[in-house]
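Got a structure here, written out as structure tokens. Questions coming.
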Amino acid sequence: MNEKRTDLAAEARDLWRESAGAGVLPDGVAADTETVGGYTVETLRVLDERGAEALGKPVGTYITVELGELLAKEEGAFARGAELLASRLRSLLGPDRNADVLVAGLGNSAITPDDLGPRSADYVLATRHLTESLPEHFGFLRRVSVVKTGVCGVTGVESAEMVRALVSALRPSAVIAVDALASRRLGRVCRTVQLSDAGIIPGSGVGNSRAELSLRTLSVPVIAVGVPTVVDAATLAADLAEMANIGKFDSEDFGSFGRSMIVTPREIDARIEDISKLIGYALNLALQDELSVADITQLLS
Amino acid sequence: MNEKRTDLAAEARDLWRESAGAGVLPDGVAADTETVGGYTVETLRVLDERGAEALGKPVGTYITVELGELLAKEEGAFARGAELLASRLRSLLGPDRNADVLVAGLGNSAITPDDLGPRSADYVLATRHLTESLPEHFGFLRRVSVVKTGVCGVTGVESAEMVRALVSALRPSAVIAVDALASRRLGRVCRTVQLSDAGIIPGSGVGNSRAELSLRTLSVPVIAVGVPTVVDAATLAADLAEMANIGKFDSEDFGSFGRSMIVTPREIDARIEDISKLIGYALNLALQDELSVADITQLLS
Amino acid sequence: MNEKRTDLAAEARDLWRESAGAGVLPDGVAADTETVGGYTVETLRVLDERGAEALGKPVGTYITVELGELLAKEEGAFARGAELLASRLRSLLGPDRNADVLVAGLGNSAITPDDLGPRSADYVLATRHLTESLPEHFGFLRRVSVVKTGVCGVTGVESAEMVRALVSALRPSAVIAVDALASRRLGRVCRTVQLSDAGIIPGSGVGNSRAELSLRTLSVPVIAVGVPTVVDAATLAADLAEMANIGKFDSEDFGSFGRSMIVTPREIDARIEDISKLIGYALNLALQDELSVADITQLLS
Amino acid sequence: MNEKRTDLAAEARDLWRESAGAGVLPDGVAADTETVGGYTVETLRVLDERGAEALGKPVGTYITVELGELLAKEEGAFARGAELLASRLRSLLGPDRNADVLVAGLGNSAITPDDLGPRSADYVLATRHLTESLPEHFGFLRRVSVVKTGVCGVTGVESAEMVRALVSALRPSAVIAVDALASRRLGRVCRTVQLSDAGIIPGSGVGNSRAELSLRTLSVPVIAVGVPTVVDAATLAADLAEMANIGKFDSEDFGSFGRSMIVTPREIDARIEDISKLIGYALNLALQDELSVADITQLLS
């Protein structure tokens, strides 16, 4: 198993290739790349324990969408990106279009790069109460509930406990968890979305299995939606050192020093806002077949 | 039973007296008034169903603290007010100083006068995770978890359902619910705190019993902390009309018109902030015997 | 001159009529009402000192647009309302489409109903720096600068002084000042926009002439854009008392008590946001002939 | 002159020493280091054009205070740090304790690390209006006005123009400008404060002399207060590469790529809040001889 950590399966694959060689894949892993409307979509399938061991990622499907120029605000780019993400979310959610869903925005809204989950949740239409109280008007909507879990330091409750409590009470047929990730490459920050059915560990994997949100721990499917919003300063150092052909650079040298510092885009506040809105719209499109981008804008206002 | 509604038991008593006469009390109701450090504290006990019927309030104890001049920012007024509220909260919480407590901030943080509950929750120290992960350092603290329930329109989940889910999962021995109330008198707005062990109906009692938070619905004691932050415009009209000796004024004439409008202090944003901070500190003092006002300031920063 | 105060010329006219009789107008005042796309637009012209004396308003033109159902979010209502306001603003701004303009958002952003001016300013496109630094790309835009004056208690500087300083430095050919107003009628709150070329006294006219923003004090034309966002509690009492046929009600009875309390819509936070956005768009449409609603949305994002 | 840029004079001196050797100073530069209450205070004096040329900094005094452990929240650390900064600010402000001062918070409040100036301004007591309107009560206070200049993209007006306009109108005898800086070293981020009488170029010195705020451009003394809140990602790369003994690393290789990314502490939101509060209190202590830390807390609440 690889010692270097990353939240992105595609980066775990790249790290594996550093020793195994470019272009090859571990046993138990399948990959597929396509281009859709100008965006690159890569689907990585961790098929069995061999693949999970090699990449350090649980068995499941990981879809990486490179939005790159999306945020260039070109005409229609927002709608195309949201539709693309929605189509992939639908494939992970499965065929039952009426199943209840709980959307959980994970992360600390008081830390800008960690506000992705809560801010995305702001853009998701909660419909569960409407379908119950006014079925004649809203019966056509899928029942969606939306929660921001907050952070342990503020609530005294782990995000995973909070979600588990709501799953027990509301009995959704699936959970969608949105969280900020860490990446190894600057170029992916606020530009890449990873969708997965393999669950998620809030707070970027401290290795605390109690905290895991997955089919195994919640007994319902968990779709994870993540966006890298930072790079560790120590990871960046290695990254830049390689680009400059300085040779290998051991990020462990920096220990807690480098790890207490992060690298973000200068305009991280605006970037988090933009990508959170995109994710919120994509979730609405994926969950509510009847709604268009314009409908969502109307309903959110 | 009285037709005029109020969230304050003391006002329900006043309304009852309008027909019954000043100074008397219904059967099944006991009252007691004291002055503590310049503040008036009134304890009203609804003892049985006769009292509940007469006042339109469930059986239980209702403590009304008139802070009045507290907010005048006189030296030490904040600490004295917080200590006074804490002492009364302790009497409602009962003798077990180690029991777990769940604090729930109810209300809509996007509507200023309804932000009292969420804002108060911001000032409550969540300790449950600390006592679990670092018992050697924090074992002396009572285990407290803190949740903001949000509102149904945003989450799809009723506040009461959210609290019930967390009670099932966390098994606290009591719930403290903080919520904004409506008053009938301008003079009480942002100046009066009502503490009660009779539970609470979030959103100012729409009469929906599913939504009730009480010992009956949650199977653990529920301490309600409420502050009137608004007066209905229609209620004000009657209030002012009486002051001007115009005679009786039927607030029902205004129907939904008057009820869609509220009366608040001009500086409601600052007043909500001030009183929420006071309530948060009072909760911390009541729950954590070891902490002083200065300790809390340090821990919150 | 009338003793009852109001920030709206149309209400001053109504007050005058209370003694003079319905349907008549003072000498020196002309009025004109039209309906445009479902909205009522009333133009009141105070022609000379007789009119100014009668209404307690300076000589000038006052255009009152009743948006009423606009905020009902019916299809296209936002764009129609913005275009209507823009057309009237253009008529007040005069024919020179290239003249520099300074937009001033007046009011205290920490007090929700007083945040109208600052929040509207957030929606106005500042272009002055672009036309200077990149004339080849942005030369087609009118030069607009945007300032939020803040409040005296925070800055130590009166709003009028702040605007005067910027007028001296930037030499705009007109000032547009946006401010929250007080109304006498609940039905106008957050639903009526008053446009005027007669200047404005920030903070709802304390009668301090030093504070006036007008052609007289700034030597450039001042277009005032105002929206009533509150009613004095005391004024409401009189209003409601009349509706209930209780007879005359003297709001002076309540003195500082009633005046420290305000009446607002329950959802004032959302209403201020909606109407501020409308005003911001209307200003952009009025100032920049080349831009559509869609262009503005794109440029603001 | 050195090609590598930094906003800190102490770093410019370090860069100069890279070629000249440790421990020496350029001609025309004097340095002095002392330790006060556990904090290191370094005073660098650029005495003439030789020094200015060598360090790339204008003639003037630069005081660098390393707060380091201040933010560790040890008992009394906040007050000691604020007093220390205040004493050095007083030395730069000169002996006239009654002179009017304009405090300008520079920077973009929508970008967290650039919010230092505006957020510090929130903590500065504006007194000018009080001393004018209520001299009998507030005559003992120095007259202070406070402005947040905003950013050009939002206002259409350069920060320097805005300050110049207010200097012309208000005629203060000095300007204090607070702005976020860029540092070359992670260890200084949110821990070092630079005070200077040599003026400031808002936005970290784009070399645009029109934008300079200084005695030369404003005709009144300008005291600059700056705190490094970010490190360029490219600068960090070089920094880390040297620490790892990889050898020289040319940050220019990364061009606009590295410069669009910044390195900040993970908890930058909280750190900006803490250091802004410290600076605000230090300014109040320096400007108002009569006020203590406790007085300021009272007056700000």
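Which chain is which? They are A, B, C and D, in the order written, and residues in each are numbered from 1.
Assume a residue touches a chain if its C-beta (ideal position, glycine included) is under 8 Å from a C-beta of that chain, and two chains touch if they have at least 3 such contacts.
Bear in mind the structure is a predicted one, so any value in this text is a computation, not a measurement.
Colleague: Would you identify the chain whose Cα-based centre sits farthest away from the centre of chain D?
Modeller: Centroid comparison gives B as the farthest chain from chain D.
Colleague: Of the pairs A-B and A-D, which shows more C-beta pairs in contact?
Modeller: Answer by contact count: A-D.
Colleague: Quick one: chain B and chain D, Cα centre-to-centre, how many Å?
Modeller: Roughly 45 Å separates the two chain centres.
Colleague: For chain A and chain D, what's the span in angstrom between their mean Cα positions?
Modeller: The separation of the two C-alpha centroids amounts to 39 Å.
Colleague: Touching at least two other chains at once: which residues of chain D meet that condition?
Modeller: none
Colleague: Considering only the defined contacts, which chain D positions touch chain C in the complex?
Modeller: 126-130, 143-148, 150, 152-158, 161-162, 164-166, 168-170
Colleague: Taking the touch rule as given, give the residues of chain C at its contact with chain B in the complex, in rising order.
Modeller: Residue list for chain C touching chain B: 110-112, 186, 189, 230, 233-234, 236-237, 240-241, 243-244, 246-247, 249-250, 253-254, 257-258, 260-270.
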